[in-house]
Structures are given as structure tokens and as C-alpha cells.
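All chains are identified by letter, namely A, B and C, in their written order; residue positions are counted from 1 within each chain.
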């Protein structure tokens, strides 16, 4: 499916299983202090690129507005240009017609970049299990944090942002594999071919009943 | 005649997945016109530029894409592209029972979710031949008017941002948060309410809810007046909106405009007055009508509509009767939960209603309501089974948007943003 | 978008109804499933068009009139232009396909008379297996433009005379069919992986229609690979989307 993934792996392992990379003890005191400083700076002022399409975008606006006030996270500067953005917040459903646009915007963002998938539709397709909607944006771009909800409350989005902060704070500059974009490795044991994914995503249980048009 | 074309793609040139640069020419010039050997004579009046706005652009209110041909800064032609949020609502409605469709109506015009819930069940109830109770009627009026205010608040806030005023957005969103709290107290959700059921409502209003509503009715006009004072006579605001994107009454009717778009052009067409539902003819309210049909009049009409909604809310609070909320019709209304868990007949009844769904007689209905965007109607066709053959949404914003070439052509590029904002588009409803 | 405007004196809705002394509209209650007062325009249509008006019925208070597919344009033009009816407002154009595929596919026009405050549903039946073609009403109502395009996109009904009949909600090269037809599965014809890979193949930078490229007369100026891409992208239906070689 042409999936690009950003992984923390060391490709030397025979199974190519993503493993926690490196060993913190190998880093010197200086680099770890520097990491701390850089990560503190990065996480304290992430410029979001709001890819708002539907209902979740309204809740994103509520989060950015007066009561919830994203400025507390240093995020009040919404970067509508992907070139100046740090975190892509995909808020809302993504139909197939929009898929290449989303991917293009992700590609235009400079590294380091992170993605928050806001809401059920962006994360899994949600209630739109039909011909038009991408079943989760992680089939197009890598995602760091998924926010459940339809739409998620502003508190949920803020929790996701704080989770992302934690993730950023554990990153280390010495980790060479951190921001490498790779194509899915068909040789890996973890690779699932698209046909299998199709099979796995077939309806089951009550949803079989729901895909019949008349009783 | 030299033609110079500048193409601006969705973004600019980038790197594709394989690390190869994506070719997107930023500047294309025609044969020989700008070549060094040819004498270069600038013919500014013949230079046309192709500008692409969207699909991801903050001022398009979603994922609208506009391709504009510019002569200097003047729009000569406009080709809108939609469908970037097409999610197959109408298809999926054919696979769902009537009560199961209600959650989809939330997500289609998501600024006006509770109004859509009411609009849909009005259609479904006519298809079932159900007359709702007086208390339910008044509660639905309250729901629809709250929803109208909610939608107009977002419209006004985002339009302010588009035209360059940020502060009203913050004030208006504060009021919207108060409305969210009210809805949350009633049905448990802020945005996607699913507040109605065929034959009634999902829930009775909780104790003390009316106090919250009364406080909102008291306090909201203050905020509205402040924003009104800040914008209506503001020189920048008027300079950006007066005389922009005007449509005559005949044009607006012929283009199928509805809602504030049509009323700003001087046609007092309001579904609440012309094809009443929910006893709207018994409420005392005025229909705001503009004169020139430009962006400024649309703004004034919407502000006045919010004031009239407050008037309707005041009357509805006064007349809210006691009595049952749901109709006494076992065909559509579930038995009480306590009975469903203790009596076998009620449990079977509950099971059959949930699993098989209520079945309307063969027929078709189209019931229009006045949504904040204009005339919204649900066209339902039943073949006697528990799922509709066709669930058609008549999208007001879709028809309103289709006239955007007529409105923007001849105006400046910056006016396109103001005109587009004045249509009050919601892509979820346009693309469905 | 060059619809001629109908004769229209007063933009006040309900003016003709008030002049005729009819009562104000009220919320309808206890509507009968079938039967009830028929819209008076149907009688006028029968008188004017005779056998082209096939039948009519009143269901849940709304009048539906079935007309001959060949006469539908004339019928709508008469309803719009005759001041005794003045259906000046086009509400909706859509289609209905029934689950029983032997039943004909119906094209539905919802028209409304603002002066008379009347509503009429006009239907045309297209027999199963016949060509799905009706006349376009874009010359009468500018509102019909996108509504007909959507109907074409979702059902595959061709509106003869529409100036720019192409897909509107799905992309130009969408090749799974017409989604709202009953033979179209809910999840589409292709597998999810195939749908996604086809969607990702849409070139966002080359995604201009030929109309737009002719706007700027830019097609000939494009680099050769982009021309090829555009040609290939539109190779599905070369007749409908033939690329102008001169870029005009």
C-alpha cells in the first residue's frame, strides 16, 4: 500500500523486529543534557498543522479558543503551512479523494515531525465503513498518538498533546534510526500483505448484519 | 499576445516517497514570448494567472478547492471542486434502520447537529404517520433554535478570522461553550448529540436545565451586542463586505439559494413561515431581510436571526407544557428499561424494535426545515422494510456554494475569501 | 450557468396565495397516507400536456406527478414560466433506485412555487435496462447545475444538454462505478488496498481539469511528462474528456 513508516529499529536484528534502540548508558553526560534541552524546547512550542476536515475540527477550534486555550502548550500559533509545522493534527474523516492530499502535506512537513490522529474516523474509519473513507490514516502516514472519541473532547486532545510531549522528551539525537522514512519491508516477518489486511478487516458479528441493505 | 501562467499546486514542489523531487513547475511561459531573443513587452492586461486555493486552506472552511483565473488581482473565472469530504452518507443510510440513521445526521452538518436530528425525525415521523406530543414539539423548537445560534456563532467567529478580526471569535466561542454545557447536560454530548428518536426525544431535560437556558437567554444578547458593536460599523469590516458578492433577488431564487443567502437578497423566504413545522406559525418572530444581497447584508441577516432565535426561545420557555415526551406508540417507542429487564413481553418488544426496527408503510416524504444554512430537507423513500430505499439530504450549502462562480467573478482575490465565508459552507454537508 | 430568468414580478413569497385569498400556511397535522387535496397544478398539466402526464398521486400530503421522459423539460418550463403556477424555485434533483431491480429507476425533481407556496414532486421513470437519459433543466434553473452533476456521479444518469456533465463528488478517474446504484456494494467493488492505492495515484499537482488548463492556456506549456500524466489520467473516457491539443 505504499506505507511509509518511521520506526525506531536497528535493522541489524535478524527478524527486523523494531527494538528499543541504543543504550542510554552509552551517551555522554553532555549529549544527554543537550537532548534534554532540545526536547524541552521542541515539546514546549509545537506548531500544529491542523488538517481539519469534519466534526473534530470544530472540537479542535474549541480547544484553541478561549476556554481550553492551546496557548498553554505553546501551540496557539496554528501553522496552516506544512512547511513551518511540527505536529500534524488530523482532525476528521479522510475520504479516499483526500488521501493523496494528506500524504502530500505530511511529506511537505520538515523533520522532526509528529502526527496526532484525532477522532475515531481518522484513527480507524470510525462509523464510515464504506466505499468512500480511508479506514484509518495510519494506512497513509505514520501516526504517533491516536485520540479516541467521536469527536474527542478538548480534554482528550490536550491529553494526547501531553502524551506526545512525553514521547518527544524521550528522543535522543544519537538515535540515527529515529527519523528514517522507509518503505514497508516485504521480507520482514512482521510484514502483512494488503490482501491479508483486507481479509482481517472484513465485517464480523453484528456488522455483517448491518452491511445488508434490507432485512 | 503573451500569456504567462503561474501554477501553484496543492503545495509547492516537494520530495516524494522515494526521495525524488516532485516536478511541479512554478512558472511556465509560452513559446518565445519571454525568450531572451524576443523583445519583451509586458502586456499586463493580458496576463492571466491560475491560482489554486485548497483543498487544505484555512480560509476555505474545510476541504473546498477553488481554482481561480486572475487578471491582475481580479477574478475572471472560478472553478470550484468539491467532494474531498464525500463519505457516502446516503449510501450508508440505505443499510441502517430509521433510528440508526440519526447519528449520521449529527455528522453531516456538524455545526447544526441537533437541528439535523430534529429535521430527520420530522421526516421519518411523517413517513410513519406519527403525531408527536406537545411537550416534544416545544422541546424540539428549543433544540432547533439553540442549534441555529450555535451554527451562526461558528460562522461569525470564523468569518471574523477570515476578514482579519480575531477577538470576536474568542468571545463567541465562549458563548458556544455555554451552549455545549447545556447540550451536554441534556443529552451527554457536546457536538454529536443524537438527541431525537422517531416519536420523541432521547432524553427528558434534567432538573435545573431550564435555569441554565434562561441564563443563556439573558446573557447571550450582551455578547452578541458587543460583537455587533465591534463589527457592524467597523470601517475595515464594512470595507471588506459592503457591495461584495451581491446577487439580485431573481438570480438568487434561480440559483436555488436559501436561508440567509436568499433573504439578504430581499426575498423573505423562510421555511418556518412559508412551510411551517413544529407550530412555528404560532411563534411571534420576524424574518430578517436584506436589501442588496452582498456579504454585509448576509452578516446583518444572520446577526438578526440570532436575536430572533432568542425571541423564539423566550416564548418556547414560557409555553413548555408538562406531559409525556414520547408518543404512546409501541410500533416505534421502546418500553421502559425497568420493564424490559423484568417482563418477558417488554423484553421481546424491546428486542424486536432494536434488532428488526420499526417498519413504515410504503411511501415517500420530503420534509423541509429552516436550517442555519438554508432549506434543508430529508427525502425518505420507504418500500415497507425497516430500512429506507433512499435517504436523500437536500443540502442547502451545496446549492448555495454552486453559485460561487457567479458571486466572485469580477471581484478581487481577497474578496473571494469574504464571499466564501459568507456562504457559511460546511463541507460535511456539501459532500456528504 | 446561463439560465434564463423566469417572469417574476414580486419577490415576496406567498404574494400570489394572498391575492387569491387562500389561508396562511400552518403546520400540517394528521396527514393521510394516501389521498387528500391534490396540487391544482396537476390538473393544469393534464389539460396542457394530455397523455404526457402519465399519472399522479398524493402521498403524505405531497403531490407526485409522473410524466413522460421526453416531455419533462417542457413540463418544467411550463410550470416555471406560467404565472398561474410560477414554480420558480428548484429544490432538488435526485434519483431513486429500488431494491427490486425490475422496478424502473426514478428521477425526481422537487420544485416549489414561492408566490403560491406550493410544492410539487415530478418524477420520470426510466425502465430497467433502458438508457439512463433525461433532459437537463440547467437552462431553466441555475441551481440544477451541480444537482444534475451529482445525480450523474452517484447514479450514472445522463442529463442531455448539461454544459459540463462530469463527476463532482468522486474524482474524475474514479472507475468503480456509480456508488448509489443498488448493484454497487456498500464497501465498493475493489478491495480496500486497491481502493487506497488507486486513490494515492491521483496526482495532486497534475490534478487540474482540462477546463482549468485551458483557462490559462497552459497545457502546451506544461513539461512533457506532465502532459503525459494528464493524458494518462484522462485515458478512461477519451471521448468525454478529450484533451485539446491547442490548449483551448
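Just so it is clear, a contact is a pair of C-beta atoms (placed from the backbone, for glycine too) under 8 Å apart; a residue touches a chain by one contact, two chains touch by 3 or more.
No experiment lies behind these values; they were computed from the predicted model shown.
Distances from each chain's CA mean to the overall CA mean are smallest for chain B. Most remote from chain B, judged by the distance between CA-atom centroids, is A. For this pair, chain B with chain C, the centres built from the Cα atoms lie 21 Å apart.
Note on chain placement: the centre of chain A and the centre of chain B lie 29 Å apart, centres being C-alpha means. Rounded to a whole number, the gap between the C-alpha centres of chain A and chain C is 40 angstrom.
Chain C has residues 99, 170-171, 179, 184, 186, 204 in contact with two or more other chains. Residue positions of chain A touching 2 or more other chains, listed in rising order: 2, 97, 101, 104, 130-132, 211, 213-214. Chain contacts: chain B has residues 10-11, 83, 86, 88, 91-92, 95, 383, 385, 431 touching two or more partner chains. On the chain A side of its complex with chain C, the touching residues are 1-2, 96-97, 99-101, 103-104, 129-132, 134-135, 139-140, 194-195, 197-198, 201, 211, 213-214. Against chain B, the residues of chain A that register as touching in their complex are 2, 4, 51-55, 57-59, 61-62, 65-67, 78, 80, 82, 92-93, 95, 97-98, 101, 104-105, 107-108, 127-128, 130-133, 150-151, 153, 181, 183, 210-215. The residues of chain B lying in touch with chain A in their complex are 10-12, 14-17, 55-58, 62-63, 83-88, 91-92, 94-96, 103-104, 106-107, 110-111, 113, 154, 157-158, 169-171, 173-174, 176-177, 180, 190-192, 356-357, 383, 385-387, 427-428, 431.
Contact residues on chain B toward chain C in their complex (touch as defined above): 3, 5, 7, 9-11, 13, 22-25, 28-31, 48-50, 52, 67, 69, 77, 79, 82-83, 86, 88, 90-92, 95, 126-127, 129, 131, 249-251, 253-256, 265-269, 273-281, 361, 363-366, 368, 375, 377, 379, 381, 383, 385, 389-390, 392, 394, 398-399, 401-403, 405-406, 431-432.
Residues 1, 3, 5-6, 8, 11-14, 24-27, 29-31, 33-34, 59-62, 64, 88-92, 94, 96-100, 108, 110, 114, 117, 119, 121, 141-147, 150, 154, 167-171, 179-180, 184, 186, 204-205, 207-209, 211-212, 215-218, 220-223, 225-226 of chain C are the ones that touch chain B when the two sit in their complex.
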